[in-house]
Amino acid sequence: MSRITILMNCPDQKGIIADVTNYIHKNKGNIEYIDQYVDRVNSIFFMRLECEINSKVFNETFKKELNFSIGQKYSIDFNIYENELKPKMGIMVSKYDHCLYDILSRHQSGELNVEIPFIISNHNTLKHIADTFKIPFFYIPILEKTKKKISDKHLKIFNKYSVDFIVLARYMQIIPTSIIKKFQNKIINIHHSFLPAFPGAKPYHSAYERGVKIIGATSHYITEELDAGPIIDQDTTQVSHLNSIQDFIGKGRDLERIVLSNAVKLHVDRKVMVYKNKTIIFS
Amino acid sequence: MSRITILMNCPDQKGIIADVTNYIHKNKGNIEYIDQYVDRVNSIFFMRLECEINSKVFNETFKKELNFSIGQKYSIDFNIYENELKPKMGIMVSKYDHCLYDILSRHQSGELNVEIPFIISNHNTLKHIADTFKIPFFYIPILEKTKKKISDKHLKIFNKYSVDFIVLARYMQIIPTSIIKKFQNKIINIHHSFLPAFPGAKPYHSAYERGVKIIGATSHYITEELDAGPIIDQDTTQVSHLNSIQDFIGKGRDLERIVLSNAVKLHVDRKVMVYKNKTIIFS
Amino acid sequence: MSRITILMNCPDQKGIIADVTNYIHKNKGNIEYIDQYVDRVNSIFFMRLECEINSKVFNETFKKELNFSIGQKYSIDFNIYENELKPKMGIMVSKYDHCLYDILSRHQSGELNVEIPFIISNHNTLKHIADTFKIPFFYIPILEKTKKKISDKHLKIFNKYSVDFIVLARYMQIIPTSIIKKFQNKIINIHHSFLPAFPGAKPYHSAYERGVKIIGATSHYITEELDAGPIIDQDTTQVSHLNSIQDFIGKGRDLERIVLSNAVKLHVDRKVMVYKNKTIIFS
Amino acid sequence: MSRITILMNCPDQKGIIADVTNYIHKNKGNIEYIDQYVDRVNSIFFMRLECEINSKVFNETFKKELNFSIGQKYSIDFNIYENELKPKMGIMVSKYDHCLYDILSRHQSGELNVEIPFIISNHNTLKHIADTFKIPFFYIPILEKTKKKISDKHLKIFNKYSVDFIVLARYMQIIPTSIIKKFQNKIINIHHSFLPAFPGAKPYHSAYERGVKIIGATSHYITEELDAGPIIDQDTTQVSHLNSIQDFIGKGRDLERIVLSNAVKLHVDRKVMVYKNKTIIFS
């Protein structure tokens, strides 16, 4: 038996759920989870479905016929995954170690069902952590004039290890458009504020300056516009006048760890769909 | 067109979703919302479905045939509601006014889609609020020796006004078994602690005594065992050594208001199912 | 015996606490609460102190001497309050009723230690609530060309009733500079977003558009720059793709109620000090 | 200059703050932080004070005189610490790795101002983590009949490394009374429920069984009564019917990490005082 996850969306119409569940049923699949959502503003239908199905039945013919018999009828955009296949997750970091430690210890504890083929950094600072967890570390410093070359180096590594998605665990560099285009909705960033408040650099400093009583963190997919991509998860915590900027940074670390790891888990479990720069998060 | 909500549960089997959605589709209904959940420990399937259907199609025949063709096949327990019908919600209170004020102002603001035919109290203290909001108020004092008679009085009022469910908005009396049995999963209580911590009387005092750093509130359906019924909603807030018992009570009021009104909204929207003393809450 | 609250701030120097507490002690006052905070960035010392003192000792001489002997030495800015004196709180509203209901029911429950001499509104919509709670209601519609006159009318009412501070319980009009200047750090507003995100009109719509996973509310003192005054309290709650704009507004109401009433309580208890557009909130 | 922290408590009386701050002032100390709290139920005064003082002034004479001149007058119980001295923190674990990883990575990041001289475990499972972070690891298995001997072994290690306090980072064994008595309010435990709900073994299973909508974690000092010691920190998170016991455990891990590390930080910063099985937590 195979366990598969189907993500789909299409213009909202009558009969989709009945047709899709019928198709699975006809193929002797057992639907174990179904969740559906209709965006009424844009009239778009979204569905996530997990089912158990005979591995022999689940083949290219199954997919083709599904697409042919139902997909074309409703103009459905399908994504079908075999749950057994572990996604490959590349990590990029700069100098802050807390998110990296967090991801690697969760991975080692078995919390994250991924392979981590490499860590790329523009500094050598965190190499010892990569060594500790026995993950290949590529130190690729960034100089203004060589930026083009560098993104080529990055892409080469991504391709060599066939990464499925990339996590920016406090990577403090702009990702070039060329890479973003190749990894649409596949590069997860953690921003250390509750976006859209305090985009850009030094959000804790700006939050301190403004005298806010809550600070936050936001995980989102990278798009070309800085800190404006689809938000996956956000969380906030209370601060007070007693807290210095250093305290903000310290409290923020806990938020960043959790908000980033939540996003990674949701992405790995194929629970995120993106539409018009917003996410649908299935439970 | 009618908008209807179907709640159902049955032993988990293959094909249920396909059969039910097909049935709706065949009757030209448009499924606007479907959410399903399988309790894997007990192998029970739960589903909530909202659809728009021609008012002429949605009649006793529709229901009978649904039950006959699909319900019997899978041993489904169905509950079908017409969304237009406003439930009738009785309120019982004692002396605390905050939950009562909250419910009545939400009702007057249009937040709660119910009728409120009466308020019953064992004290006369809050009559002025009932008057303010122009809702009939029945003062029924409770004396040990007349308890039997009193529950008869209560039942009489419930029946006279055909209440669908009852909200105990800080009603400080035990509800007798005879009433609980007639209103199973239809009497919503607010308890001022995060159950199962601090059941029974004076939970804020016990919480203060124990030196906890969080206090909470719990809304649940009343069952015969005190404070042990199915939990609908819970929330907590932080306290510190600086807070006196009075502060606990004050902070708790905000929790009670919100946790109770959340439970009422979920119940009114038919988003709660109960199984083995636990709730399934649809989103 | 009188109970008094002293708020003070001055450039940070050695010996302030010792001198002030000595002075109280010498006058046979009993300090029941002391809390102090030093803003290390600006080197400013803040202190809040509550003490019980003989009502005969606590007079103009006491204050003058305190100012003369200690205030001048350290350049202290003092504010001294008698706890028994109830502040007078004016309310301004437009059409939304939830914050008004909340404040008035808390007041009636004894939660808010203030007098409420009047409610002003630019609409007649909420008059019935004022009537219900027996508070004078002034309907003062706003037309572009008469704005100057209107703020004169407002000020006249403020003066007539000697209000100490004003609460904008979802008052949807800009307060003119002339009034702000006369009531510096005395006009409390509730804004329905976690500022600085989504200032200005329709923040829930903007939040929905951006696809955030948390929404918030912010209470702050009004300053001339819109939604940029010192923040008193903030809170956030989670939302998801399932929530419509109407849901955002509904969930937001609960935040607004609590965040506004928290701010009012802190202000009434003289627990807020403002410095450089930020608040110090004593516990 | 030395920076020192003074914790003190005594029966509540007039003049304490004035006398203590005067004494510091007289010795040319600069008070940088003062926070005080009066437990009005038990009439106990608590104070925490940080000051900068000439290292030559801060000596045994300073302490003795403080005790003699003021301590005896008010029956004060003093604890005075030099902030530069790093406390020595022993760690005990069993098989769960998440709290251990969290503490060790925070330590390595510089978040925790302690020395960690050793990790003791009743299993060999986590030795590799100790090796990774280069901390001595003692594997001391526990057999019913040798329990007495084992606690002697533990004490021997505690003494050899002169530990100041001990953190039980999910150590699944009862600490014997003999050790608890020697380390009163110096053994910090993390319990995986919001105490007093679900004390003892398998709280996540009990929480699942009860159908709660929030789960929690509690850090507390160990006392002889199981899971009944003074609570240092607590936090909760929402769960739903969708979550399996495994999900509870997974979500709980994040709570445990944060609630334990908060407690450790508060303890290390000398911000915790214990009185009558409750904690006073200074900010």
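Letters A, B, C and D mark the chains as written, and numbering starts fresh at 1 in each.
Criterion: contacts are C-beta pairs under 8 Å (C-beta built on N, C-alpha and C of every residue); 3 or more make two chains touch, one makes a residue touch a chain.
Here the structure is a predicted model, which is why all the values come from computation and not from measurement.
Asks: Quick check on subunit A against subunit B: do more than half of the interface residue numbers occur in both copies, making it same, or fewer, making it different?
Replies: same
Asks: Work out which of A-B, C-D or A-C repeats the contact pattern of B-D, with more than half of the residue-numbered contact pairs in common.
Replies: Most of the contact pairs in B-D are shared with A-C.
Asks: Could you please state the distance in Å, as a whole number, between where the Cα atoms of subunit A are centred and where those of subunit C are centred?
Replies: Their C-alpha centroids are separated by 42 Å.
Asks: Distance between subunit A and subunit D based on Cα centroids, please, to the nearest Å.
Replies: The answer is 37 Å.
Asks: Among the residues of subunit D, which ones contact at least 2 other chains?
Replies: 240, 242, 283
Asks: For a test of understanding, state which residues of subunit D touch subunit B in their complex under the given definition.
Replies: Those residues of subunit D that touch subunit B are 37, 39-40, 194-198, 210-214, 216, 230-236, 240-242, 244, 277-281.
Asks: Going by the contact rule set out above, which residues of subunit B touch subunit C in the complex?
Replies: It comes out as residues 97-98, 101-102, 105-106, 108-109, 111, 132, 240, 242, 250, 253-254, 258, 283.
Asks: So in the complex, which bits of subunit D are touching subunit C?
Replies: Where subunit D meets subunit C, its residues are 14-15, 17-18, 21-22, 24-25, 28, 30-36, 38, 283.
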